Amino acid sequence: MQDFLQTEEILVNMGPQHPSTHGVLRLVIRTDGEMVRETYTHIGYLHRCAEKIGENLTYKQFVPYTDRLDYLASINNNLGFCLAVENLAQIEVPERAAYLRVMGAEMNRIASHLVSYGTLGMEAGAFTPFFYGFREREQLVAIIEKMCGARLTYHYARLGGVMRDITPEIARDTREFVRTMEQRWEEYNTLLSFNEIFIKRTANVGIIPRDMAIGYGLTGPCLRGSGVEWDLRKDDPYSLYERFAFTVPYGDGRMGTVGDSWDRYWVRMVEIKESLKIITQVLDGLPEGPIMGKVPRVLKLPVGEAYMRVENPRGELGFYLVSDGGTKPYRLRIRGPSFCNLSIMNALGRECLVADVVMILGSIDVVLGEVDR
Amino acid sequence: MQSYIDALIQNIGILQQVPPLIIYTAAILLGCAVVFGYISVVAMIMIYAERKVAGHMQSRYGPMRVGPHGILQSVADSIKLLLKEDTVPDKAHRFLFKLAPLLVFAGAFVPFAVLPFSEHLVISRMNIGIFYILSLAAIEVIGVIMAGWASGSKWSLYGGMRLAAQMVSYEIPMALAVLTVVAFSGHLGLHEITHAQGKWPWEWFASPLKSPFTAVGFVVFYIAGLASTKRLPFDLPEAESELVAGFHTEYSGMRFAYFFIGEYTAMYVVCAATAVLFLGGWNGPFPGVVNMLGKTFFLLFVMIWLRWTLPRLRIDQVIFVCLKVLLPISLICVIGAALQAVLF
Amino acid sequence: MRAVANYFRDIVAAIYTITLGLGVTMKCLFSKPVTLQYPDERPEVPDGYRGIHTYEIEKCIACNLCVQICPITCITLAYEGKGKNAVIHQYDIDYTKCLFCHLCCEVCPTDCVHMGKEFDLASYTRAECVIPFAKAAAVQKQE
Amino acid sequence: MDAKEIYTRLVSQFGSERILAFRDDAAGDPFVLIRPESVRGVMQFLRSEQSLDFDFLSLITGVDYPDQLTVVYHLFSYSQTHKLVVKVELPRASPRVDTVESIWPTANWQERETFDLLGVEFVGHSNLRRILLPEDWDGHPLRKDYQQPDEYHGVSNW
């Protein structure tokens, strides 16, 4: 009888093809009934060796490649790489260009968070938020499309400045978008954020305490969700971010414990609103002037190395650039925030339910293009 | 129904020459064919309505290509499903794998024997009508568990087990909610229950004016109905973001269509039963059939509406809602309804 | 006692928030959809869109700069002569590789290559994704 | 504290035979060069010392120079808001260095990546396997002398 009633643990492959793995991530979970005993993360399915590509291209040529790291936030990536190169080459960026970069980066941040909002809703089983998020993202993408002509891989921030200036039409559209987005934001919260079922699904799930978050190198909303007030835009400003007034949201455990999935989600939602504020300030205070600094036709960097980090929608995106004085980087290392954020998955996906694994993964919000590079 | 056939035999001379058994069998088969046709049409309409409503709720159009505004989409889909290759996975238990969709479909099909469309348009006036529906709806669970196990896929197994846990627990509050009504009507037959309600909304069991206990019972029954038809927020057995497609992950073609039609038919049955039990059935200002179908389709719309609004619950929360929320509430309602029926 | 209060608070909150959520979707049900019926209705492409290139062969001076700047070398240029007198035999762009990064257009000294408004390029073979601009221009000239 | 002060603090703690050099002459960030054998001790000190408190390991990476392989650690402290770059120079033929996984859990994946792409062996790592490339891949692509194979399991790489 004892043998007959024995239960077995099942090893389940979640992914690489699974509806909720955000791309090609493979989670191997060891389950005992509905309980997940262990999660093991396999990555690398999207590996393109972007760092090796970077070593073989000139600085100017590598900028479009940064679009493809975190494809949901390409302007932020462009910005990070350009700042790293400008830092080392001592290129002066005109003020107007810096403002436009901030505007582009914040627009892209909103677009990225809207996708995150939609996908987390979808993982909780609600399809409609996904379409609402994409509806507003579409408006935003249409504006960015007018700014730089592309819809996903923007390549907007260039070495020394930005690609194009904005027209009055774009400014008008953007203000219009800010207005509608503020209304929609309330609607989003009614539909998903404060829905009792959603709160029950996310609150107290996947709790990351403060120390664990720092130790695992989490950055961005995942770190702030754990109650650490740290935002590179505020605490280590770049590209004139110090001129804009905004607050940095952080998790306070309003619906459960500090550092749970709901906190991380809520940080993203509030960041959307803060980004709207920054965009309005950029439009109000946009200085006149050129949009491109003096960049030599053949750009050679002095011997040396620089680590430049920027606040990506997903966290600290770092570019470690080693130059040997040539036209190409000697070594280029990209610190993808998603890569480090995802590394906590093995530790979090223990002793929880199968449905929780999906929610935790969604709340960490990784982009596999950046994890695998 | 039998009385109609008897009358038919008496009036048409030639039928008297045929043995009654053959006539009855023919009548049964004919009835089944009619019901089957009706189910297919209703399922098609509902699938179309679901996609259209979902589309517009999400700021998009839904199907637009096949026919004007895509009204022939469901037809095209069913043709596609019919023509699709019917695959059976290597690791599947072939017999059970093939049997499961039929069982699921049968579970959704048989309740039509007692579901009234109006006062007279009913196949059988069974005196235990609602009991019959509740007990036969349980066949579906067996089919789903069978499908989950026989597929030989881990995701399917999870879906099957989740459904088993969910359905078994939700049948209790469902039955208790029915008892609140039965306390007033004093009868399990659907006709008698309908007759216990009046023509106007305040005379229905769903109205707190008639009895607050049956009004709560109505909500409990409807929620339990959502759970037993695997609709959001209780769609764990086929939770897409977790289990890929749950128990029907491995099914394709016609077998998948059986699950699909079965699911929508079960929704129809639950809504029709709710309409009869709590919303006065065919009573109302319009002709009987219109009232009945109107109420049923309204309830179906609410199901669709809920699905495209809510997130999904987790398995422990599903069980929590059933055992710790619905069960106590329905127990209180049964006692209250019984007291009210006896005392007033 | 707190657990009991939470229990009832949860039930009330669930009913209340679900009702609010239903209101949001219901409102959307009666608003106009925002999607386009794509092949029938085409999206409006703004000026300066980075789509498939347009190439003005008569302006091209075969300076090779676009070929050099291209990060993936998807441009093939074959020519005779130099400067204004150059005869261009081949100017192919391989759209299976192209990043649509706009660098080739920015580097062009005579402004002969632009990015146009075409965006749908789907074909059954890889070879069809290579557009021979110089040949197309020659054909146009003959006509 | 700036990098120079941290360097003097480290020298006073470990002596100049373990803390080899401090360089801020080239463009970009200054860095501290330490001996490979003392990585664990120095890192543990940087992490646990109250006035330094480097709680955040931003980045581990390696650079393949012609004569040696350098492993670079980018450290940051949230409480003190100062940063430090620590470098270790290893022989190219057999680069081995102690793991810092037990000090910062994030090092787990970052060290695996460095091992995968540059072939640095982190001694004591709990799970030192390839992370981005397939397990049976040959070579370490970010080495300067890496030759790309023509095919992988019969699939052409060109």
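List of remarks:
So that you can tell them apart, the chains are marked A, B, C and D in the order they are listed, and the count of residues begins at 1 in each.
The rule is short, and it goes like this: a residue touches a chain if its C-beta (ideal position, glycine included) is under 8 Å from a C-beta of that chain, and two chains touch if they have at least 3 such contacts.
Everything numeric in this text was worked out from a predicted model, so none of it was measured.
Common partners of subunit A and subunit C, by the touch rule above, are B.
Shared contact partners of subunit A and subunit B, listed by label, are C. Chain centre most remote from that of subunit A: B (centre = mean of CA atoms).
More contacting C-beta pairs link the chains of A-D than the other of the two pairs A-D and B-C.
When chain centres are taken as C-alpha averages, the shortest distance to the whole-protein C-alpha average belongs to A.
Subunit D has its Cα centroid 63 Å from the Cα centroid of subunit B.
Centre to centre, using the average C-alpha position, subunit C and subunit D are separated by 40 Å. Measuring from the averaged C-alpha position of subunit A to that of subunit D gives a distance of 25 Å. Each chain gets a centre from the mean of its Cα atoms; for subunit B and subunit C, those two points are 48 Å apart.
Multi-chain contact residues of subunit C (touching two or more other chains): 18, 21, 24-25, 28, 34. For subunit A, residues touching at least two other chains, in rising order: 128, 132, 135, 191-192, 195, 197, 200.
Listed for subunit B are residues 57-60, 308-310, each touching two or more other chains.
All chain pairs in contact, by the document's touch criterion: A-B, A-C, A-D, B-C. Of all residues in subunit A, only 43-44, 47, 49, 51-52, 55, 87-88, 90, 211-212, 214-217, 228, 230, 235, 301-307, 309, 316, 318, 320-323, 330-331, 333, 335, 339-340, 342-343, 347, 372-373 touch subunit D in the complex they form. Residues 26-29, 55-59, 61, 63-64, 72, 74, 78, 81, 85, 104-106, 108-110, 113, 117, 130-134, 141-142 of subunit D are the ones touching subunit A in the complex. Residues of subunit C touching subunit B in their complex: 7, 11, 18, 21-22, 24-26, 28-31, 33-35, 37. On the side of subunit B, the complex with subunit A involves touching residues 54, 57-60, 154-155, 158, 161-162, 232-233, 235-236, 239-244, 308-317. Across the complex, subunit A meets subunit C through its residues 57, 60-65, 67, 128, 132, 135, 138, 142, 145-146, 148-150, 153, 155, 163-164, 187, 190-192, 194-197, 200.
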